[in-house]
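Reading through the structure tokens given below for one structure.
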Amino acid sequence: MKTEAALRGRSAPVGSPFVGFVFVLPAFTLFCVFGIWPIIRSFVLSLHEWPGIGAETWKGLTNYAKAFTDPIVRLSFFNNAVYSIGIILVGVVPGLILSILLVSTMKGRLIFQTIFFFPRLVSQVIVAVVWSWIYNPRFGLVDRFLRAVGLEKFAIGWLGDPQWAMWAVIVAGGWTYFGFCMVIFMAALQNTDPFLYDAALIDGANSFQIFAHVTIPQIQHVLTMVVVFTLIDSFKVFDIIYLMTSGGPGDKTQIMATYIYREAFRHNHYGYGAAVSILLTVFILAVSVIILRIRERSAEA
Amino acid sequence: MMRKLSLILAVLIIPAMVAFAAGQTEPGQKAILKVWDQWTEEGAQTGAAQAITMIEKSFMEKHPNVTVERTPMQVEEMTNTLKPAIAAGRGPDVFYSEVGIGFVGPIIQAGYIMDLTKVAKERGWIEKLYPISLELPSINGMIYGVGHELEFVPVYYNKNIFKALGLPAQPKSIAEFEDVCQKLKAAGYIPMAWGGKDWWYQSNFTTEVLWSFVDKKKIEDGMYRDGSWSLPEVRNAIETAFVKWAKNGFFIPNPTAIGSNEVNMEFIQQKAAMHITGSWDIDTYVKNVKDFEVGTMLFPPARAGKPFNTISFVGSGYLINAKTKVPKAAVDYVDYVCADPDTARIWVEVGNKVPPFKNLPAGTKMNPMLQETLNTLLMDASETTPGLAMTVPPEVMSFLQKSASMVLTGQITSDQWVDEFQQLWDKSKAEGLTRGSFKVSQ
Amino acid sequence: MRTARTLWGRIIIYLILCLVAVYTLVPVVTMILSALRSPHDSQRGPFTWPLEFSVLHNFRDAWVFGHFSNYMMNSLIQTIPAVAIVVVFATLAGFGFAKTRFPLKNTMFFTMIGGMMIPFQSIMIPLFFLFNSLGLIDTHGAVILAVGIGGIPFGTFMMRSFFIGLPNQLLEAARLDGCSDLSAFLRVMLPLTYPAWVSLIIFQTMWSWNNFLVPLVFIFTDKLRPLPLGLMFYSSRYNTEYTLVAAGVLITILPLIILYIVLQRKFISSITMGALTG
């Protein structure tokens, strides 16, 4: 591995340390001032309670203790997990399937690709508006369709239903995401070895066996990366939930980010909100580090 | 190569510089009065936005050395940005916002709200304005704001439909009200245009039913003196409105997914016969209702003989930044907007709102719906009590804004509603955010 | 690449693809149709076939009376400099991290990568006060800085990966020719980065253009609102006037669509390159 890299001349440093440092400095400084400093400030704030103006009251670690016993924190975290898994089901998996289908077509590939990727360009505000129309109980597409085919009893107010609201939002979120995943998987598939397919076909394998034993292992790396990225990114989600349900009905679609927002801005608990946000950040960092370590270890294998 | 690079950089950096420069404000010659309010040109506030623009023009004519810079914003933006802006010294001199202690309390404790007690006496506000307009924005004997824009929450109904079905224009009890609803439903109408998606629908209607079932004295005990809310009447109110009536189909189907614009539409298109909203929607009716007459009735009390109790609001109110550099201009502005007969007339005629100024000048043309609302309220055996939104701490308010749909969808029972409400109240009391527990200086 | 071998197989595949295409396009087509039909006709509901049309009226309403011309201007003013910031600083930093060695390099790099994980809510309030003391609240500057600097970690990561992929021989050759480090960088490395820049610009433009939370927090006057924020308030105000909302939506999305159509292949290849180098 190391010899190979040296041969390709990639890991050997080329520029002088001084130049490198100077190049990195502006970006790093900006990042520290506008990124790290606010986090430190947030952490300090999380050790106090502060109503948004006036004096801060020292609280030590009580905000954190409170967060661990707060049922809504647990509910929000759970909802984030549901959202993550949901997006994988409604975004990543369809993306994978479509990528395989599309890669095995000749005509029209570009058109389909263009269409499927398109939702990624759309702002979350627009997604929320359009999908709210689709889910509207009076004139929405879903309920009208259900009534038209006689399944009227399934025509409910999706975004106001405690059981289905989260999944309704997940479907909307998945709509923006599957094309993106598909495109990534297609690129990964292009890099696979056609001979392996032919060999498998000669051996008499059917499509599913080929899929499971030939295709997947070759794009394993990219697949893992996409799943991990999706999981982590889903914990930061805010816009689409805020715009479609605001965490409602009740707290059924409340997620960490919207809860933090509410606690700080609505309830004057900026300290507590900061504590919950620090916990969220730590969680995301921890998961990312663990995943990276696992990847490194398996890459070395 | 270098030229290309510099060109690219220039193209990218110059807009950045322009953008920064555009953000700088220039110091002016006259005193600048920064006002933040919520009179945006949207929805039910269009008339009010026109009114305030006229009033402002007139103010600047009367005070030529003051320039008013008014920034209208949504409720939410104000909530987010007011406190940080004030604390960092970039806040407005005058602002129109919620006057509840839950929101303003911390700002008062931090010393940023001007004490208006003396000003109220000097400028004669105590005589000129409705008492409630000064009572609500005051605590521990200190007046800290001027409540503006009295709103009421009766029930608006479609007079044509009611007449056609021979229904009483003013049900005298909940039982009678339910009877009306049944008849409306049988005739194919939606009895109540109400939806639980927007938070103010939930909090207003919840308050409305509570006021109907609970005695005024107990309400005031609870609101002002941290009395108990764990009352059987409270439970009945919630159970009736959000369990019984939902089951009977008195609301728009799937109410938890229905927002205010759709609620309005159902009423305007005559699919629903009654509209659960407040007098702020009169402006909407004036602009949109063409083919039927809108009537006002009071939400009936739980049992016949109990006094009608309607929610009154002071909308939000005007407050003054204690650290303003132009205190006189600020007080002049508030005085003019709230306590002047000419502006009162503009509020009524252009804004379709009831201003806090009591004695409207002769000849003020009040919109008939607004007039009817006022008349109905002045009916015998009718009281008004400020709505919960005016007085409750933020966590209780959050609960009010979402709990109706929780009961509607069976997530909590009415008993659990009562328990949680009481719990949150006690929690806020411990934080000193209720009217009963708030202390101006900590 | 392997193609479906049986006729039936191919038919089924195309059928599935077409169904998914319909699923993808229904929201879009609804918006387009809603923006074209007359307001009166739209009251029957956005999912009914239009019978009356009034294209110009809707767009003019949104553009003029709905202030969308302002919002468009603001979006441009807030996006272009932010993208510039990312391109400039991330390229420099990416090169530094990729091709040089200096003390604390890895620490600094991983700190910046960690920065990608921070949810905006964690730093919103302290950032507000920081911008406040710089007099930037309610100016374009706040949004430009927040969005630009927010894009630096990912941009750096991407550029670093890219530079790692470039062979060092080029730089060494330049140095042998007597170039200083800086001019070696400028003359040799930079021209090669254009493809990476296209990717970066696409990513960052998408993110900046569609960003709504940052302007929500730092801007409160209507005259500075960018398109997504303006659209949000516009749509809640005109909730039942579907034609106007649809016109607003189309205006918001138009520039990105144009960019997408023009740079189509680049878009997709840039996404995949960004992803696969991760």
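Going by the order they are written in, the chains are A, B and C; count residues from 1 in each one.
As a working rule, a residue touches a chain if its C-beta (ideal position, glycine included) is under 8 Å from a C-beta of that chain, and two chains touch if they have at least 3 such contacts.
If you're wondering where the values come from, they're calculated on a predicted model, not measured in any experiment.
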{"item": "Chain-level touch network, classified as line, ring, star, complete or other", "value": "complete"}
{"item": "Between the pairs A-C and B-C, the one where more C-beta pairs touch", "value": "A-C"}
{"item": "Approximate Å spacing (C-alpha centroids) for the pair chain A, chain B", "value": "38"}
{"item": "CA centroid of chain A to CA centroid of chain C, Å", "value": "16"}
{"item": "CA centroid of chain B to CA centroid of chain C, Å", "value": "38"}
{"item": "Shared-contact residues (touching 2 or more other chains) in chain A", "value": "138"}
{"item": "In chain C, residues with contacts to at least two other chains", "value": "125"}
{"item": "Touching two or more other chains - residue numbers and ranges from chain B", "value": "80, 84, 87, 262"}
{"item": "Touching residues (chain side chain A, partner chain C) in the complex", "value": "8-24, 26-28, 30-31, 33-39, 41-42, 45, 94, 98, 101-106, 108, 112-126, 129-131, 133-134, 138-141, 144, 175, 179-180, 183-184, 186-190, 194, 197, 222, 225-226, 229, 232, 235-236, 238-239, 243, 256-257, 260-261, 264, 270, 273-274, 277-278, 280-281, 284-285, 288"}
{"item": "Residue numbers on chain C that touch chain A, as the complex places them", "value": "1-4, 10, 13-14, 16-17, 20-21, 23-28, 30-31, 45-47, 89-90, 92-93, 95-97, 99-103, 105, 108, 111-112, 114-115, 117-123, 125-127, 130, 145-146, 149-150, 152-153, 156, 164-165, 167-169, 171-172, 175, 181-182, 184-185, 206, 209-210, 212-213, 227-229, 231-232, 235, 242, 245, 249, 252-253, 256-257, 260, 264, 267-269, 271-272, 275-276, 278"}
{"item": "Residues of chain C that touch chain B when the two form their complex", "value": "77-78, 80-81, 83-85, 87-88, 125, 128-129, 132-133, 135-141, 144, 186-187, 190-191, 216-217, 220-222, 233, 237, 239-240"}
{"item": "In the complex with chain B, residue positions of chain A that touch it", "value": "51-55, 135-138, 156-162, 246, 248-252, 262, 265-268"}
{"item": "Chain B residues touching chain A - in the complex, by the definition given at the top", "value": "79-80, 83-84, 86-87, 102-103, 105-107, 109-112, 196-197, 199, 253-258, 262, 394-395, 398, 402-403, 405-406, 409-412, 433, 442"}
